[in-house]
Amino acid sequence: MNCFTLDLAPDGLGKLTGYVQEPSSELSNMNKRPALLIFPGGAYQRCSDREAEPVALSFSAQGFQTFVLRYSVKEKGVFPQPLLDAEGAIRALRTHAEEWNLDPNRIAVCGFSAGGHLASCLATMSAPELRPNALVLGYGAVDKKVALTNRPFPLERVGPDTPPTFLFHTWEDPVCPVGGSLAFAQALNQNGVPFELHIFQNGQHGMATGKPLSSNGVLENTDADYSDWIRLCANWLFHQFGSFETPGRQFSYLTVEGEGRFHGGIQLGDLLRYPEAKEVILKYLPEIERHSMPRLVSRYSVPQYSKFDPATLPPERAEQLAKELEALPYKG
Amino acid sequence: MNCFTLDLAPDGLGKLTGYVQEPSSELSNMNKRPALLIFPGGAYQRCSDREAEPVALSFSAQGFQTFVLRYSVKEKGVFPQPLLDAEGAIRALRTHAEEWNLDPNRIAVCGFSAGGHLASCLATMSAPELRPNALVLGYGAVDKKVALTNRPFPLERVGPDTPPTFLFHTWEDPVCPVGGSLAFAQALNQNGVPFELHIFQNGQHGMATGKPLSSNGVLENTDADYSDWIRLCANWLFHQFGSFETPGRQFSYLTVEGEGRFHGGIQLGDLLRYPEAKEVILKYLPEIERHSMPRLVSRYSVPQYSKFDPATLPPERAEQLAKELEALPYKG
Amino acid sequence: MNCFTLDLAPDGLGKLTGYVQEPSSELSNMNKRPALLIFPGGAYQRCSDREAEPVALSFSAQGFQTFVLRYSVKEKGVFPQPLLDAEGAIRALRTHAEEWNLDPNRIAVCGFSAGGHLASCLATMSAPELRPNALVLGYGAVDKKVALTNRPFPLERVGPDTPPTFLFHTWEDPVCPVGGSLAFAQALNQNGVPFELHIFQNGQHGMATGKPLSSNGVLENTDADYSDWIRLCANWLFHQFGSFETPGRQFSYLTVEGEGRFHGGIQLGDLLRYPEAKEVILKYLPEIERHSMPRLVSRYSVPQYSKFDPATLPPERAEQLAKELEALPYKG
Amino acid sequence: MNCFTLDLAPDGLGKLTGYVQEPSSELSNMNKRPALLIFPGGAYQRCSDREAEPVALSFSAQGFQTFVLRYSVKEKGVFPQPLLDAEGAIRALRTHAEEWNLDPNRIAVCGFSAGGHLASCLATMSAPELRPNALVLGYGAVDKKVALTNRPFPLERVGPDTPPTFLFHTWEDPVCPVGGSLAFAQALNQNGVPFELHIFQNGQHGMATGKPLSSNGVLENTDADYSDWIRLCANWLFHQFGSFETPGRQFSYLTVEGEGRFHGGIQLGDLLRYPEAKEVILKYLPEIERHSMPRLVSRYSVPQYSKFDPATLPPERAEQLAKELEALPYKG
């Protein structure tokens, strides 16, 4: 994993921390991953660590490329600076999409509390190419009652082009009233924007993951039901973006006899019954004898084996093996 | 997060990749984390990426410091070299415990397939100070039927000092017979070693996390029930090691009137009712007015507030605030 | 379990089906259970079986006494008749509380679709003694857009005395607009009534449990995320009502030597070391020898054993045993 | 639900309690359900209520027809009487299969503790037609160390024809040693019988469901991880037996114009566009106008609607409607 922190200037004043999983030939369905960009909360006075790395890693564990933006706060946090920072972060993700193995069209932004206010500004006010493809709002500060002097009120900007949104909140929240999430959901509903909303009755403001690991040792920051939001949110994101491709395994059912000759498309298990073919195969795959996985491996063709275990049989060697097999004379 | 790869030489030939979460004043209960050191499988021919980073991140997300050891394989993988590599990795974790914010006495080792063989060697054959504090074996190659020429047979080394062990396997496994895990569990049982064992009926060999993200696009590498091992294993590890401390929140119930004077131990909500105290408090905590969290914050004393939100009110400033409050005359 | 169907007349025209779990000395913490009364949906044209027994049994399995009301529908379903039926059902539950082992103050009503309309009428319009203690609304027909000619509009009756409410709905619902649940939640919020709300994006109208078992064989009636509502709802109800008491086990730490005499409060394990006491104990508990549970049972006093296993040692026999023990002379 | 208790005599001395869910036209995929027959534990001295109804209802909630056998105990519980009782119960289930809406070839037997001993006797010693189709053993008393004088030792009877088995146990169990389950699993493994085994480290003997509801108020009888056995077991049973059929929904894509005439196979939504067809349809389905489910219902043909909502449009009326539609002249 490539963990780094970037200064976004001149594209903003923020700092972008990336948790980028690198590609592997053994994870061939994971080269272009969805991404989650997190805006922690902190009343525009700070960016809380409790809503940063612990959240990022929760989604890294689900296969996402994750990022945390520490945007401008305190005196530097006067609008539109935080929004410029947010736009800089999205631009960075889309620009580096190839380098960071992410799909520039499957980027979700997840904001907590004040970060939820910022995320919803980005999703409703920025130029189309700077908006996320999905929005996640955790106890977002989107209610009129939350003091937002000199800040935009994104609720009024919700439109049919607002991205699909996942919202969660607790009814008990004494800081950001739950009515904000209700009103935001209603605005989405009126505009025909798909959304999912989970309001848990129990739990205070700022519970982050709801697990002890992001609690700062405060029991009131934990709740088992609330912490379900992570699973529900990951499932929802997979529903929006699609999950990672896992087609059923392909086996070969071709035999030497049926084909009337040797070639790489034939089932390895069948080829191994012919001493001349076995000799060739063992040159490339000596472990195939020692291993005890006959049920599985013997049903692959040469290219299928290479796809299954590219470290042992890289594509170019698989081709060579196939050629050597083709060169063998078959006496019927 | 500090992600790095270390060469273990001269303490072995392995490469140790670390996923180290750094401390934060907002994660004060997470400074000394438990650690999980992973040995991927690969028949001592390679170290599979599918059993490396995806597993590490699954446990990072649960608060663990995680590590992957890529030990010596192929011609270099002749015993005792892999075991020396494993010992080098454990030594590195214990030596760098402070630097890597981990508890040197809460280190679990998790091995898959051949990596499970290696992990169980480490746990049963190495010097006491090089053994892990808990052992996790995923479809471990610990059965006699698995070709282990010139390699130790750890099953026979299980003793009362073998660490508590969590085993999981699938009955269908065509590569490493499930009987190995059964026999290992029986050896643990005979020696009075606590263990947990989950044998899922369905699933082939090498399913790693059992989720699409570690499947290499192979449907047969996924199974929802099997993938429960991660949650069950994390819970088991917390049971062995203890979880992260989350005592109930402490509030102050002291009032100015009750105390007959101003001081920092009094509830902020009560202090704020006195204009002279309010003026002092707002110097240190200007946001306390703007914020709308009276229910919560107003019940803290000064040091409790500092513990709750050290970024805004660091301990030394909390002390100054307390002193200024104490200096205020109280007219009754 | 006592399963029965009652005609509610003259207290209404409905039919009440009960699934009443009977008390047992081995389930001593379950004698006064919470109850769930279900109003299936069906557009006031019928009461759908898919939202009846499968839902009832889901909550029976969580320890609730459950009931299904089949209220008046079609031409008989003209208001206020269905509401009179609902009131008759609540009255029946409260009247038979003792007979049916339920707590008359812990009755939740759960309505689906049109049944949700009926449930919310009951919870907002009926006399206080006929209202439920908690309300569950599954894709409730509470939106203005749903044709409700000649029926009350409960949304406008929500007040501070409306019971705590758990709502769930799907965004995709093409029959009962999700906006109804949002508006209902907002009304609860404005009245300070605690609530929990789960809007799942995916899923059509009338999914009942969301599992194949209530799907009528229609794949579109199933969704794994949606079916979480049952667990979330049961947890929420336990949070409202309290769960079933499970205090930590009480052991005796008294010894014969410490007490200077024999009596029933002494740890059985200690008593069994004295042949004269053992003889007495074996008369009452012959299996205590044959059984191999010394770790556990030997730490009980006589009354604790009786509480643990009343079938083997009923209270009156426990008293006799204690008396016989007390009568034994102790020679120090 | 039909709850009843049967005397098995002369087919045994046991009492069989049934929890039989009755068929419904709205639960058309549930007419032939799998069954679970439960043998509670109690050291052949009693049949514990804690392992009876609470377990039965847990599986009723998953769609199973469930049964509890209270077999002969104490002086009457001398072998082979309990086994004869067990055989009588299986015979009753298979004989009444049609009446009780269960599949006689999908009967699982689940035994706890001594009931696990009895269940494993039945599964390994009885005549083929009296064996269950799947076996569930909860902390089964199958270890040699458990006093079994004058009782069979089923472990030695395990053979290739033993049914697939799901075992669970806790390592801490002080009464029935966990080694029994390990040995039983090994015997199954040696005989090629599919099995699933979950050994949880924590938890005492006799935890039943592991939830407060079956704890008798004893905290030590509860454990959240352990209570997962119910979900894992239900999933495993569905894997053995198949789950309840839920094919994707069938819609009609035929139009009046495309067909050149009116008939019942045409999409209702299309038919409703023709006043003459609408008039006919409204006779049979007056609510189709009032209802607001056009998206869904309008895509059904007449027989599909009848299958979707047989209460409103029973098959015979659907046929009449189709005939009336066919009789309408179509002018092109």
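As written, the chains take the letters A, B, C and D, and residue 1 is the first residue of each chain.
Going forward, a contact is a pair of C-beta atoms (placed from the backbone, for glycine too) under 8 Å apart; a residue touches a chain by one contact, two chains touch by 3 or more.
Computed from a predicted model, the values in this text were never measured in an experiment.
If you average the CA atoms of chain A and of chain D, the two centres end up 38 Å from each other. Computed from the mean C-alpha positions, the centre of chain A lies at a distance of 22 Å from the centre of chain B. As a whole-number value, the distance joining the C-alpha centres of chain A and chain C reads 39 Å.
Within chain B, no positions touching two or more other chains are listed. If each chain is drawn as a node and touching chains are joined, the picture is one closed loop, every chain linked to exactly two others. Chain pairs that touch, as defined above: A-B, A-C, B-D, C-D. Against chain A, in their complex, chain B makes its touches with residues 1-3, 19, 21, 24-30, 42-43, 45-46, 48-50, 53-54, 57-58, 60-63, 145-147, 174-176, 204-205, 211-222, 243-249, 287, 290-296, 308, 311-312. Touching chain C in their complex are the following residues of chain A: 164, 171, 178-179, 182-183, 185-186, 189-190, 194-202, 225, 228, 232, 235-236, 239.
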